[in-house]
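Structures given as structure tokens follow.
Consider the two complexes below, in which subunit A is the common component and subunit B and subunit C are the respective partners.
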Partner chain A sequence: MADFETPKLQEYPIIPHLKRGVMEHSSPFVAKPDHQASVGFPGELVDNWEAKAVEKLGDIARNNKAFKVFLDSCVKCGACTDKCHYYLGTTDPKNMPVARQDLLRKVYRRYYTFSGKYFPWLVGAEDMTQEVLDDWYSYFHQCSQCRRCSVFCPYGIDTAEISMAAREIMDTVGKGQKYCNEIIGKLHKIGNNLGLPEPALADTLEGLEEDVKDETGVDVRYPLDVKGADVLVITPSADFFAEPHIDGLIGYGKVFHQAGISWTLSSYASEAANFSMFIGSPDNLRKVAMRIRDAALDLGVKRIVVGECGHAWRVAYSFWNTLIGPFDFLDKNYPVPQHIIEVTHGLMQRGALKIDKSANDDRRITFHDSCNVARASRMGNFPGGQFVLPREVIKGVANHYFDMAPETIHENTFCCGGGGGLLTDDLMELRVKGAMPRMQALKRVVEENDVNFLAAICAICKSQFTKTLPYYDFPMDMIGSVHQLVSDAIVLGAKD
Partner chain B sequence: MATINVAGKDIAVDEEGYLEDRNEWNEEIAAEMAKLDDCELTDSHWEVINFLREYYDEYQIAPAVRVLTKAIGKKLGKDKGNSKYLYELFPYGPAKQACKYAGLPKPTGCV
Partner chain C sequence: MSAVTVIYALMFYAATVMLVAGLAYKIAVYARTPQPLKIPTTPAPTTKAGVAWRMTKEVTVFASLFKSSKWTWLFGWMFHAALLLVLLRHLRYFTEPVWTWVALLQPFGKYAAFAMLAGLLGLWARRIVVDRVRYISSPSDHLMLLLLVMIGASGAAMKFIDSAHTDIVSLKAFILGLMRFDWQPLPTDPVLMIHLGLVIVLMIIFPISKLLHVPGVFFSPTRVMVDNPREKRYVRGWTASAQPASGESAK
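Coming up: the complex of A and B.
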């Protein structure tokens, strides 16, 4: 299947020699007309698309001041050039963040700046052409919107905003990406990315209850659509479907069971993910998020808790209030929204969970900070809580924990290589190559500390690593949920 | 539109080789798809494929990996009711590869 070479892991990170155009061929499947229609975009490239793309670009620049500043303020200092995992893994210079931005910036300059209008050759301004569109489609789908480059940019230019805008412009003129748009359409119709209807979800959860009963002898519930429950849990649908994700879901249930908190899942809002963010579409973003508000009101819950999903936590933490707030109907004694890690952490802090750490003694664990949690949100009530809380939860349920190198964790974390709407088989080469920097950091703790478990709190990261770890000679099952660790260590039954 | 040729007839598939129309499915098509992946279908493969089709008929979706492993464990023995065994049968990932041979749409999302 693989007709590309997996990058070699080095002793230490090196900045690779440039190989121009080596990833030009990488381009995801294009959305079909019915996928496009399901998310409100034209089915194919519209007449006069060049002018319409330019017009849309102008609209975004007018309405989004940050975007305009990002386009105007780059001084080409080069600080970002070696910070992108896709550049480091592919060696294609167009995967340097500044070069990626310039694909769009050159068009912005041509039509919306004085110098670009009159002296385009002096300022690298270019017309919107088919060639430019092809480049956009390829290279804006080689950005996982992880925002690592923006940490190092002295002006704080956020390439993710530019890549989202580019995708929105392409959608507007009729060239969308199949993976994202098919999924968003499915969510509008059925309520989750998988297209998992209510009867299947109910059956799956019932099966989980049986499994947990078999394993522990305890009746842990995984409730669905329970009116009057205190907590509505919104989690990625991969938690119902995939491995290792489902072990995390089992863990959430055990935490609520042991803490005596009444909770429910919703079949109407059975998805935390909101891929509309990846394609930069505010209308879809709101429509997807609105299902959660509607479900919370319908079920009459007092709290909303978000499961292990990276970009969902960004959408929830940073955007929900404006998108679907106010949340005046929820209990003000709890954060709105609250992350499952915050729930478990809080309960552990006050000794509400009985833990047997030795249950994880066969594991030597490291933690992968997911980009959207690390660089676009927070947990707890202090800066950096999003780094501290997950680690404290892990250390609270396991005896052997080791961090990867500091330049690869916390706000410096490397993307798993599959974020931002790129977790699709048609981009496998990009995903494997983009995972390289994370794999390199992992290799070091595997060699130095015998690490055998990579914990994550994002469904995309978990699926991406399951697929890419074997390319780097690691076992695919070394990736798991933080709540899988909690699940194995939590002691169920009557409290002392 | 991509097609695969089975017994002299062109069958429409998508870019990744999944059937466009589930109703066209038959065992020859499954075998041909497997052949294209250098995979020969054994009775164990068929157990998985048949279970996927039954489950899909009832729920309009492929089963969760855990539901599948449990069902296969019941049919083929407990030592085979795990995803490691399923990966041996379907090295490209049981959820996707087995769905393809069973004529089901590809599971989408963060999976």
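Coming up: the complex of A and C.
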């Protein structure tokens, strides 16, 4: 399939010995000048970039507490070293979270700490050089910003924060990543990552209505830009056309239909994902999010609901109120924003949906906790609701459910391997290797419980698994949406 | 007044100023630096009381470390708990009369010294033997352990080896003298000289080394932030500037 070896899945997880430099060659395509321009960064490496990078680093340290505290506090205890799926899958030591941080920390120490200024050899401080930049570009694009390391660090040091900052510094001096920056540029221009304009979107949704009508005989609507609807649904654009995502979108529509809730999508804000988080760019982060506030005001909705997407939910849940709040123009009886799982869960609890669980009887299901939902957000009104609600929804619509091993789910979940702006073909080797720990846990439940369906609530996870499952000899259509399960079990028109 | 007394007295004053001023400066920087977004590592407490409990567990039993690595936890916790006991016991040199609870701690000194050394040596062994931890170690990481081992060993020597004993009564007079700006002679036993010299080094490097994990742990946003972004609007730093006005589209 490709010029690298897919890791072998062992009987039991082992911590590999390190092999230096084995992933040094892995780095994504560099953004072209017009991609850079579209997100407000210089087109190519600027003059005197070393000094500018160092200056930007200091600037972030002065304006971001997490960054500053994390750079100072690490004691090199090593607790995080075996926690990253990219280290476990590649064995490259620079993929150990603390080693990844050190790529940046050594520059911070050199220019901004006493010991690094006067005794660089003692604390491993280094000048900002071309080699350092190359290492940054390579290894800060081998971090999916999944926060698993942060769970296990005694000080909660989150390498994702360091990666975001490093990418921002690189963008600032003119070295951006093509995949992310091109996508953010498209979003600014058209409103979604895929660059689907309004007519194409309208067409797709119309087609969807016909498909559902053919299949069920019921007129389920997939409305676009309907002023005065109660609910604005913001979902990843992959839901509009990609497999298996679209079956999830079909499910959302059926839920609203059954509950009798009027809803709409927006062509102006037709994307839940906010890739600006991956590149740590405040301006882009706010600009992308602002579309959603504008759309909600424009359409005059009362609630905002977010579809199945990991990173999107982090930005929505944790950042929207900060970035584009206050939401005092929305209905205060509902959380803002609300996750589609919370909506469906609430309706199921109230018995507002008629469900035929046997529709999913051919499926033996396990659930992949998407890392950004698991470790960077919440659902419901209690800590850990993000683990409970999706499982209750699945168990409410299906009879056969099995969890993967406890050290690989909930807050310990392994990333799919494609998050954080790495879901691009030029990083295929990294993606396949990074998926290894998740595949290993999956293999256990496949062997022990005959699991044949991997449910997820993240657009990136779904795309990533579709590509990587076959490398590990699993069928690629094993992956699906939670709302695909809901969709298949919901009994339309039979409300009593 | 011997030259040694004067030198040590001056070094203690200098080191104390550097330790206190350095830490105060760092704490002020941490406190002042804004955290623009909500980033608690979830599941996180939804109330301040919950966060206080989470932090209590982190600081007293190293809860996250326990989850991630049992060996590091065992050695690390043993070292820190023993260190705490040792430092509390040392309060007897700084107080007159000695506080009752400090006096009550005195019999545990033996165990503390050895537990501290065992913990440190365990951590050091891990740093050398485990290839991952060896890879991330700089010379300073080894030297920090060396420094603490030597402080512990010299202290233990004074306590347990007859020929290394020092005159505790004069030492206490020296220290109380320092605190009252009324200098008294310092006993010049070599082991004590070493012990105190290294303690001075430790005090000086504290605010400019990884020992900043001590204030750092209380400022780490992923641990100390409350998980309530939907319930309570949070803005700081750049997120506090240029907010959209309510009800107004910024299109």
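We take it that the second predicted complex is superposed on the first by the 494 of 496 C-alpha atoms of A that agree within 3 Å, B and C clash if a C-alpha of one lies under 4 Å from a C-alpha of the other, contacts with A are read in each partner's own complex, and residues count from 1 in each chain.
Everything below uses one rule, namely that a contact is a pair of C-beta atoms (placed from the backbone, for glycine too) under 8 Å apart; a residue touches a chain by one contact, two chains touch by 3 or more.
Owing to the predicted nature of the structure, the values given are computational and were not obtained by experimental measurement.
Once the two complexes are overlaid on the shared chain, A:Phe319 sits against subunit C while remaining clear of subunit B. With both structures placed on the common chain, the touch criterion links A:Cys371 to neither subunit B nor subunit C.
After overlaying the two complexes on the shared chain, residue contacts for A:Lys186 are found with subunit B alone; subunit C is out of touch. Comparing subunit C and subunit B on the residues of subunit A they touch gives the larger count to C. In the superposed pair of complexes, A:Leu194 makes contact with subunit B only, with no contact to subunit C. In the superposed pair of complexes, A:Gln386 makes contact with subunit C only, with no contact to subunit B. Touch criterion met: A:Phe70 reaches subunit C, while subunit B stays clear of it. Legend: residue contacts after superposition of the two complexes on their common chain; A:Ile460 is shown touching subunit B, with no touch to subunit C. The touching residues of subunit A, counted against subunit B in their complex, run 1, 29, 179, 182-183, 186, 192-197, 199-200, 203-204, 207-208, 211, 236-238, 240-243, 245-246, 273, 309, 423, 425-426, 459-460, 462-463, 467, 476-477.
Residues 26, 29-30, 33-39, 41-46, 50, 58, 62, 64-65, 67-69, 72, 76, 123, 126-127, 130-133, 135-141, 143, 208-210, 212-213, 216-217, 219-223, 227, 229-230, 233-235, 237-239, 244, 246-247, 249-251 of subunit C are the ones touching subunit A in the complex.
Subunit B meets subunit A in the complex at residues 15-16, 58-61, 63-67, 70, 83-84, 87, 92-93, 95-96, 107-111.
Residue ranges of subunit A in contact with subunit C, taken from their complex: 15, 17-18, 61-66, 68-70, 72-83, 93, 96, 98-99, 102, 113-115, 121-124, 147, 150-158, 161, 282, 290, 293-294, 297-298, 317-319, 321-326, 328-329, 335-337, 374-378, 381-384, 386-387, 411.
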